[in-house]
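Presented sequentially are two complexes of subunit A, the first with subunit B as partner and the second with subunit C.
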Partner chain A sequence: MWKSIIYKEWLKIRFFLIGFTILGMMGIAYLFLKVQHEFTFSGGGNFWYNILFMGMQFFGYFKFIPLSGGLLIAVVQYFPETIDQRIKLTFHLPLKENNVLLMMHSFGAGCLLLSYLLLMVVFISLSAIYFPSEMVYDSIVSVIPWFMAGFVAYFFVALIVMEPSWLYRIMYSLVGGFFVTIYVKSPVIAAYGPAIPGLSLLTILMSVALLFSAYRFRKGEM
Partner chain B sequence: MEKLSRIILVLVAILVLAMTLPMLYWMAFEQPVSKPFVLYSCLDDDFFIMRQGKPNTFEDTRGNKYTREKYEQKLPMMNFQQLMISGLMPDTIRGKAMDMHEIGLNRSFARFKPEDMNGPKPALFPLFESQSGRANIGMPDDFFRITWRVEFLDAATNKIREEKSQLFSAALYHNGFAFPATRIEGLPTTRKSCDEGYLIVDSSNQLFHLKMVKDKPYVRKISLPEGLRFKHIQCVDFKDKKYYAYLFSEKNEIFILTQDEYELVKLPITAFNAESCDLKIYGDLFNYNVTIDHEDHTDVVILDKDYKRVKSYQEGWPLISEHTEGKIFGYIFPAQLSLEDPNSKYINFYWKGSGGIGWVLLNLILVGVHLVILRRRNASLQGHAVDLAFVAVTGIYGFIAINLFQNKFFD
Partner chain C sequence: MSNVIECNDLTHYYGKKMVFENLNFQVRDGSILGLLGKNGAGKTTTINILNGFLHPRSGECLIYGENSQHLTPATKARIGFLIEGHIQYAFMNIHQVEKFYSGFYSNWKPAPFWDLMAKLKVTPTQKISTMSCGQRSQVALGLILAQNADLLILDDFSMGLDPGYRRLFIDYLREYAKSENKTIFTTSHIIQDMERLIDDVLIMDYNRVLAQCPINEFMTGFKRFDFELENDEVNLKNEKFVANLEMVKNKVELYSYETKEFVQQFLDNHGVAYKGFKQVKMELEDAFIGLTGKY
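Then we have the complex of A and B:
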């Protein structure tokens, strides 16, 4: 039965997940096309100098791509469940309701993680062609919070979509909207270093947030 | 699990509220703190103070008021260009004939903010040619790092330039450098009068001067007093070429490193804390005007050209928590959370208490209000003990958060 549940989730998100991953790849390809162009016209030395001392972040265009992926996957995975309260069919299965929800959620987050890992591997590999390890490391420290923002968006949208009351949906959206902004500030490169452990912990904690609104949904809170 | 997920959501909401509510409050009610701008007059041997306002006011330490023009005349070293245009520049000061070239040569300005020290630092640096024979400094096409050796990386290919790396590694090694470097400070820009390379601290806390002269390494080990360690080095490029850098020790002493002689001179400044103070040093023909801005006061110390203390001035102002808006803030909010700090470039979770304990009263009132709400709902206190603890500790943040993510299903 677990396999069937996973297959159902896969059917919902597959095209969007693959589409997002391809678009993300295209975004990264654009970044490095631009880097290659700048190397050709301005020289590698100038480009490095601008990153090291002038605050240039060549990967800045990438900032909201992971976030949009998290939003997209959460909407396509959970919104269909709220149409005619289809999720109730799942709750009637001879399985613990929370376990089913956690399985759905883990599968969605796992797929998102795979997609993000793929994007990160491509980003790091291409970065390593043009930049030394120190600059690659600083870039990773800068983009990791953006990927965490994608997960937080996924967890919050799932919470909001499953929430039965519109009033609370709006209020959760406000909290979620402000919360996501802490991952996407615009500081100098690698400035997020000391905050990454705390932000990681918050992101992991947020993964079970869905259970609260799903509980309210099951109990018929309006 | 539902209870746990709700507690997590309440915590997240508290974090969000502790960031946004104080931010909105200060945006609505914060008033600027007017800090005095204090300069020393070489004519009167006294301090002159400009206070920002509508309009700005100018006065001396005895409270005498001045017009802007009179104020500028009292500070001829700071305003010599204006005084020249107005024809009011004195011919001599302290028996010294005023020569514009000499005045310009002796003028300098250095500024330090704690965020210059507390932030991510680059690990790669361009090593400029110090004696290229060209009028302008050229940007090299390689960058160096100092790990277990010196490595020059060609930016075009991202590959190590082996020969140059070995040459500079050997030069440092033969001068007793203990790899790796723990601090590399210089002026990595082509916009300077000349290149003086980098000051480098090695892993044994020794200080070295490294530059490139006609493609060859120039290395000089600088003798330091026993146990002296630096937490920040700020290199300078002043026209008088008297010193290479300001160096801040871990005990917050300020040193300068004289040019060519490599002597460390400790400035007679005691009120400085690099973690929290802004520092401004204006140099002129007669003095150095050292201004140290603390959160609630400014210390101005005047040094002569031999770096001896001449005079000092201190003036305070009320902390923001002592203003009306600050006091009200202290009654509403127990603390505020921010991801940014004015003294750091790092993003982190910065908690700051609101000052005082006025907020305890509101926390207790909110606990009472929540007890009334629970009583009306006939809810058990036991099931809401955690919520009440949230309100008691975090006050308004906790009260809003627990009502946003309500606990009523667990009754």
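Then we have the complex of A and C:
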């Protein structure tokens, strides 16, 4: 049965997941094209000065890539379930309702993780061409919370899309927006290093929030 | 004969608005029961409670002895569910949707699905979202038949269908249910369709059950009498034997479970002058309107 669930979820997200991953890679490549441009036309010294003494994050725009991925996958995976209340079909499958949702959610988050890993590989590989290992390490520590923010966006957007009441949707949007900003707030390189275990735990806790919206739907909330 | 569905003392409100109170009904094993009611009478609410998508304020519905709010996967596998408007996963094509559902049901029988699909002029890769309403109805019906469920719950199966598809749907469904001893609980806003399909009828009005019995019993027991009153100020509406009465000037349509002789004798005994008394043959739709009123 889990194969059928995976099959359905894959049909919904496949083109968007692949498209996002390719665009994400192109976005990362563009960041390093700019780095190359800086080195070539502005001189290495000036660029290093900005990084070392001015706290410049050459990969600052990268934070929006995982975030947009989480948002996109949640919408394309869960929005079709809400059209004409198709989630009723899913809940009618011969499985426990929460188990079905957790399977769907795990698959979506798993696909997102795979996509993020690919982006990370591209990011690390290109970083290693231009920067020393210490700098690459700090960059990785900096972008990990951004990937977590992508998962938080995925979990919250899923919760919002599946929620039957608009009032609750607005409330969840505000709470979700607050949580996402926690992960992307500091512009200082590697500032989140000590917070990564705590943020990881918070992200995992938020992964089951979807079950609440589903419970409210089954109760008949409008 | 045992009951597949038993709803006991079901009460539900939307806010302060009562939908029904202490509603009781049963669906016999192997029967086809049609739930009829005007818009807002609580048909979809009942279906939603039966499928566990709505918690009633009080009371319970049992399906195969289990509370409908907490059905086990094994019992859910025995229930085929058609959502109002023949909703299905519209992003799939017919091959994908068949492949998807077949993974859930151990006694999946693809033949009825493909038999129905052969009647449709759809391409193998055509998404359900691009199909007509009639074609989508056949996809939804085919999936329920392939599931080989013991109980079929159909919410307004005739919605959006043209007469040809409605007839195809009903004939296929009745033949299937009777040959395979399936139980069906269905609603439809097109009453003529029900007459061809159902064995038992359950008629709901706002917050109460007006009738629950075999359809033949209802159609022979419930009668319409037309006559003209000499004095149009006579009021028969509150008499016990009158189920409903429609009156335009002195022309009366009187609906009752009593016999022609009983009604005539009542009028004679009470000195009500009338003429042109006759019993009028009714179709199910006439009887439904007769019982529930025109508005």
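In the analysis below, the second predicted complex is superposed on the first by the 218 of 222 C-alpha atoms of A that agree within 3 Å, B and C clash if a C-alpha of one lies under 4 Å from a C-alpha of the other, contacts with A are read in each partner's own complex, and residues count from 1 in each chain.
Going forward, a contact is a pair of C-beta atoms (placed from the backbone, for glycine too) under 8 Å apart; a residue touches a chain by one contact, two chains touch by 3 or more.
What you are looking at is a predicted structure, and each value in this text was computed from that prediction instead of being measured.
Asker: After lining both complexes up on subunit A, report clash or fit for subunit B versus subunit C.
Answerer: Subunit B and subunit C fit side by side in the superposed model.
Asker: Give the label of whichever partner, subunit B or subunit C, reaches more residues of subunit A.
Answerer: B
Asker: Mind working out whether A:K219 is in touch with subunit B, subunit C, both or neither, as first, second, both or neither?
Answerer: The answer is both, since A:K219 touches subunit B and subunit C.
Asker: Name the contact category of A:Y30: first (subunit B only), second (subunit C only), both, or neither.
Answerer: It touches nothing on subunit B or subunit C.
Asker: Of the two partner chains, subunit B (first) and subunit C (second), which one does A:L52 touch, if any: first, second, both, or neither?
Answerer: Touch status of A:L52: first partner only.
Asker: So, A:I83: does it touch subunit B (first), subunit C (second), both, or neither?
Answerer: So A:I83 only meets subunit C here.
Asker: Have a look at where A:E134 lands relative to subunit B and subunit C in the superposition and call it first, second, both or neither.
Answerer: first
Asker: Check whether A:Y61 is in contact with subunit B, with subunit C, with both or with neither, and answer first, second, both or neither.
Answerer: Neither partner.
Asker: So, does A:K8 touch the first partner subunit B, the second partner subunit C, both, or neither?
Answerer: second
Asker: Once the two structures are placed together by chain A, how many degrees is the angle at subunit A between subunit B and subunit C, based on Cα centres and rounded to a multiple of 10?
Answerer: Once the structures are overlaid on A, subunit A sees subunit B and subunit C at 140 degrees.
Asker: Give me, in Å and rounded to a whole number, the least C-alpha distance separating subunit B from subunit C in the superposition.
Answerer: In the combined three-chain model, subunit B comes within 10 Å of subunit C at the C-alpha level.
Asker: Under the contact definition given at the top, report the residues of subunit A touching subunit B in one complex and subunit C in the other.
Answerer: Residues common to the subunit A contacts of subunit C and of subunit B are 219, listed in rising order.
Asker: Where on subunit C does subunit A make contact in their complex?
Answerer: By the definition above, subunit C touches subunit A via 48, 51-55, 73-74, 76-77, 79, 81, 83, 85, 87-92, 96, 99-105.
Asker: Going by the contact rule at the top, pick out the subunit A residues touching subunit B in the complex.
Answerer: Listed in rising order, the residues of subunit A that touch subunit B are 39, 43-49, 52-53, 98, 129-132, 134-135, 138, 159, 168, 171-172, 175, 178-179, 182, 185, 187-195, 198, 202, 205-206, 208-212, 215-216, 219, 221.
Asker: Report the residues of subunit B in contact with subunit A in the complex, numbered from low to high.
Answerer: Per the touch definition, subunit B meets subunit A at residues 1-2, 4-6, 8-9, 11-13, 15-16, 19-20, 119-120, 122-126, 139-143, 145, 153-158, 188-189, 339-340, 345-349, 404-405, 409.
Asker: For a test of understanding, state which residues of subunit A touch subunit C in their complex under the given definition.
Answerer: Listed in rising order, the residues of subunit A that touch subunit C are 1, 3-4, 7-8, 11-12, 80, 83-86, 88-89, 91-96, 217-220.
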